[in-house]
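Below is one structure. I have some questions about it.
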Amino acid sequence: MNETAYPKEVMAAVIAHGLKDGQWVEVGANLPVPRAGALLGHLAHGPNMTVMIAMTKAYLRDTPVIEEFEFITDVGAMRWAEAYYQHDQLLNNQRHRANGVFFCGGIQIDRFGNSNMIGIGDDHTKLKFRGPGPIGTTNATVQNGTWHLVTNSHDPRVLVDRVAYISAVGYGRGEANLREDLGLPNAGPTSIITPLCVFDFEEETRSARLKSVHPGVAVDDVVAATGFEIIVPEDVPVTDGPTAEELELLRSRIDAQGALRR
Amino acid sequence: MSGVRASKVIDVADVAAQVEDGMTVAVGGFINSGHPMAVVRQLIKDGRRDLTIVGAASAGLETDLLIAAGVASHVITPYIGAEGFAGIGPAFRKAAQDGSIDVFELDEAHFYAGLRASAQRVPYNPWRAGLGTDLPVINPRLKQYRDPINGELLIAVPAIDIDVCLLHAAVSDIYGNVQHNGTRYGDIAMYNAADKTFVSVEKIVSPEQIRADPLRTSIPGATGVIRAPFGSHPYSADGYYVPDAAHIQGYLAAATTWLKSDDRSELDAYLDEYIVGPADHADYLERVGIRTLLSLNEF
Amino acid sequence: MNETAYPKEVMAAVIAHGLKDGQWVEVGANLPVPRAGALLGHLAHGPNMTVMIAMTKAYLRDTPVIEEFEFITDVGAMRWAEAYYQHDQLLNNQRHRANGVFFCGGIQIDRFGNSNMIGIGDDHTKLKFRGPGPIGTTNATVQNGTWHLVTNSHDPRVLVDRVAYISAVGYGRGEANLREDLGLPNAGPTSIITPLCVFDFEEETRSARLKSVHPGVAVDDVVAATGFEIIVPEDVPVTDGPTAEELELLRSRIDAQGALRR
Amino acid sequence: MSGVRASKVIDVADVAAQVEDGMTVAVGGFINSGHPMAVVRQLIKDGRRDLTIVGAASAGLETDLLIAAGVASHVITPYIGAEGFAGIGPAFRKAAQDGSIDVFELDEAHFYAGLRASAQRVPYNPWRAGLGTDLPVINPRLKQYRDPINGELLIAVPAIDIDVCLLHAAVSDIYGNVQHNGTRYGDIAMYNAADKTFVSVEKIVSPEQIRADPLRTSIPGATGVIRAPFGSHPYSADGYYVPDAAHIQGYLAAATTWLKSDDRSELDAYLDEYIVGPADHADYLERVGIRTLLSLNEF
């Protein structure tokens, strides 16, 4: 086995390390990194995590190889179900998501942790680039107790100073107490996880700060690939990638097909 | 005793005839699964115009197709795409970028709050998430206000009233007692907000089979049920067949050409071959081919 | 068979005659008259009625003898179910009840068709007589397209000029357009059905008017037993009781145990 | 891999210990069925005081008993009674007539609107029915207001937040995946509005049995589950046993004497015999007697 983890494997490990046993986490389809990170947390140290997979509640630690599924509606991914989450009932009932962790994407993500899934262009009725729509990101980033931004594209067009439209609010423009004033129950995004690095948010300005760079990535690489001004501390540690045991779990049971190794 | 219990079985053309230009029509399912495609195709064949399409909370290419065919002028859904096949529906992108479609921008939680308001016969339902975002700015129909008890800032999501709701499910008896396989997506929420609900099913079964497990009955009173094996093709039906990837990619290629080059010829050829051309659902399935259909096993 | 119907059989027939095929009707437990009326409508002329029985949707025309059940939670009454109505889901979704017919009781019912299920006494925090509570009568009398008041006690203490508390609103104090002004979707109660007679409501005053007296009952009997001033038209017809076929259905299939014959 | 999946099995005394004086406690079931009586009795045994009891949408004598025993100081429920056994709970009548209990007067639709508001983390939910009645007059917590979109008059039903929810169901695995028989009443709505939910079950079953029909899982994550065969006695458990009419009538006679004559001696004797006296649930069942229990067949 190649003991050097691929960037997406590092991302999955970052996600897994941030998860605590007992938390509730969603595993979507066609999002290999959050899927692997959630399952790695579940298998490595989360026997009491509630894993929502293909709109069911599943327990997967007894499953030798957890096959990928391409569609959230894949009946194959429902084989482990202990319960169904009827989608409208899930969305009509939010109280129990306070213990949840959510991973939010975006066609743009800005330095204050806001995400845009709507589109790009000044005129909303005639966008230059139409995005897929907010899906559930507006709400999930409010209801879950903990959330992160995740992107597979560390690119200045994605990581921008200011998103064209906010569909999921992070820290606005860094206003003090914005979320409390709006009555939003969680404290805001914890981090931005990319193929190059992890950002957290400075306590004072709420602006993205380089927390760690992935193995083999230089701080300058990150600066060059980022469209906003980064707060760079004096010492930037290297990201903790997967342990040997975690890498084994990833490659043999969670990502046997190698989606993270491309 | 007088009278006989009436059968609710209805055919595709008669269902589509209930839809008039300008109506609000819900289309059930979820992304690549469970769409009532036989009826969706008929709406296009019938030349319906100016429909407001209430797509699923995650709508798929069935809604994209209704945009591509010029049937939908308004859409109410938080997502139109096809997961691994396409992150964003190409016809949806094209129409939204051209400004030729009105998008009711909202999150899936707002979507269900609006359906719920309709089901509860109240003008709106309150929701907290969305504050601090641009959703109420670009979609002022999501109105910010202060709640009447504590004065907290909230968003009023207006009722989404549906004229005709179109669903696809596993089975039904002839009396409109419908049962889904699987988690049912948001189909029940759409039914609860609709004046009329028509459900195409893979199979009509006996009333005794329905009564054997009443908990499984998801739609206890469809206005009509349609016999439509492979009725969700090219999308999946839980426990019956998987998505027809090649067919879906064929549509996507045609719609993407339209998006990228403004050239509708491939898209029109697709519409001719699979929608305008076939006389009915069986004829459509003939064109797809029985060998292809039988290859779409669940596992 | 005694071809003279008992008063409660007449009441059941009145209910049945008012039901149209295709309507939705609830059959509660321990309410023999509305139960029998709804089932009689279903069997006699309502093959397409949606009958809600013990929180299920049932079709009962193939059932030779429909046994009584004592409790709404009686599993025995669920044997005919085609679907379950989970109680919270039923109450969270009201649109489809517009086609429904509801029968509202009351510890007091007044001349304007208001019902009181709360209690009697000036001080609500210390009632002289505490009632059971509104149950679902406040809402059901708003959501169902058609509704009636029903009481087994034609008594001046029940049929009063003004209820102590309104828990289900009929026509208030007879104000014009009260229900429209409040945005209540139905037109108000159709009738009051008692063991002696049927009242409807005068179009102008919205006050109870004698519509018919049951066989063998004199108008004066009704006046004497009623606690409010009745509008008595010149000609008061006799209530249409059950036909011979209906009486046969009642006694052989719906009320084999004879709850209506007491 | 580290750690082992924890069992959620907990005993009656440990559940009751989670309830503190002054809390809001929901008690599931419906009139004469499905109440978590083993835990209800323990709350009385423990001498809990000043609880706000969220009874079922139609609450039964379990709530009446909590009033009779001085545990409940506030009740939130649209009905307390026992159908054919008693139209109105006698202890409820007594306490309401004495003014010794605070009744949150509301309809079952308001009840669920309040639970839903809690589940949705909004301060209230709007409802139309109740306008023109005395409910907002005698219970001003049901606040009339004008809706922010159309200015229509509506009622704001405040959120009903539950500290501890107590339910009884058919089966569960040891991990808290609970399945009801029957229609589930309003139990799920209470669970959705609660911080913690404990469910007593007739039987603990294998995870494989739960996974055989996930649609049946009603409570997918109970905080704890309690092994309690006959746990709803003297009320019924769907598919297991019918109400124990003689026992219920015994309670009713005692409580009615208290209501009519202000004499608690019969009621106190009932409490001593069946609640304070028994060491635990098994001891209670011993006093009821196995012959009696076995006579309560479903049909």
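Order as written gives the chain letters A, B, C and D; numbering starts at 1 within each chain.
We adopt the following convention: a contact is a pair of C-beta atoms (placed from the backbone, for glycine too) under 8 Å apart; a residue touches a chain by one contact, two chains touch by 3 or more.
The chain list, named the UniProt way, goes like this: A, C = CoA-transferase subunit beta; B, D = CoA transferase subunit A.
In this text the structure is predicted, and so the values were computed from the model without any measurement.
**Student:** Going by the average position of its CA atoms, which chain sits the greatest distance from subunit A (CoA-transferase subunit beta)?
**Tutor:** Measuring from the centre of subunit A (CoA-transferase subunit beta), the most distant chain centre belongs to C.
**Student:** Can you work out the whole-Å distance between the CA centroids of subunit A (CoA-transferase subunit beta) and subunit C (CoA-transferase subunit beta)?
**Tutor:** 57
**Student:** Distance from the CA centroid of subunit C (CoA-transferase subunit beta) to that of subunit D (CoA transferase subunit A), rounded to the nearest Å?
**Tutor:** 29
**Student:** Just how far, in Å, is the C-alpha centre of subunit D (CoA transferase subunit A) from the one of subunit A (CoA-transferase subunit beta)?
**Tutor:** For subunit A (CoA-transferase subunit beta) versus subunit D (CoA transferase subunit A), the centre distance works out to 40 Å.
**Student:** Out of subunit C (CoA-transferase subunit beta), which residues touch more than one other chain, so two or more?
**Tutor:** Residues 56, 78, 84-85, 92, 94, 143 of subunit C (CoA-transferase subunit beta) touch two or more partner chains.
**Student:** Spell out, as numbers or ranges, the residues of subunit B (CoA transferase subunit A) touching 2 or more other chains.
**Tutor:** 116, 120-121, 127-128, 152, 215
**Student:** Among all the chains shown, which pairs meet the touch rule set out at the top?
**Tutor:** All chain pairs meeting the touch criterion are A-B, A-D, B-C, B-D, C-D.
**Student:** In their complex, what parts of subunit A (CoA-transferase subunit beta) are in touch with subunit B (CoA transferase subunit A)?
**Tutor:** Interface residues on subunit A (CoA-transferase subunit beta), with respect to subunit B (CoA transferase subunit A): 29-30, 55-56, 70-76, 78, 84-88, 91-92, 94, 118-119, 121, 123-139, 141-143, 165-169, 172, 178-179, 182-184.
**Student:** Which part of subunit A (CoA-transferase subunit beta) faces subunit D (CoA transferase subunit A) closely enough to touch in the complex?
**Tutor:** Touch residues, subunit A (CoA-transferase subunit beta) against subunit D (CoA transferase subunit A): 21, 43-48, 50, 56-57, 59, 61, 78, 80-85, 92-96, 143, 185, 249.
**Student:** Where on subunit B (CoA transferase subunit A) does subunit C (CoA-transferase subunit beta) make contact in their complex?
**Tutor:** Against subunit C (CoA-transferase subunit beta), the touching part of subunit B (CoA transferase subunit A) is residues 1-6, 116, 118-121, 173, 175, 177, 192-194, 207, 210-211, 214-215, 217, 220-221.
**Student:** Under the touch definition given earlier, write down the residues of subunit B (CoA transferase subunit A) that touch subunit D (CoA transferase subunit A) in their complex.
**Tutor:** Interface residues on subunit B (CoA transferase subunit A), with respect to subunit D (CoA transferase subunit A): 120-128, 143, 145, 147-150, 152, 154, 156, 158, 215-216.
**Student:** What residues on subunit B (CoA transferase subunit A) touch subunit A (CoA-transferase subunit beta), complex-wise?
**Tutor:** By the definition above, subunit B (CoA transferase subunit A) touches subunit A (CoA-transferase subunit beta) via 30-34, 57-58, 77-81, 83-84, 87-89, 92-93, 96-99, 102-103, 105-112, 115-116, 127-135, 138, 152-153, 181-186, 188-189, 236, 238-239, 242-243, 298-299.
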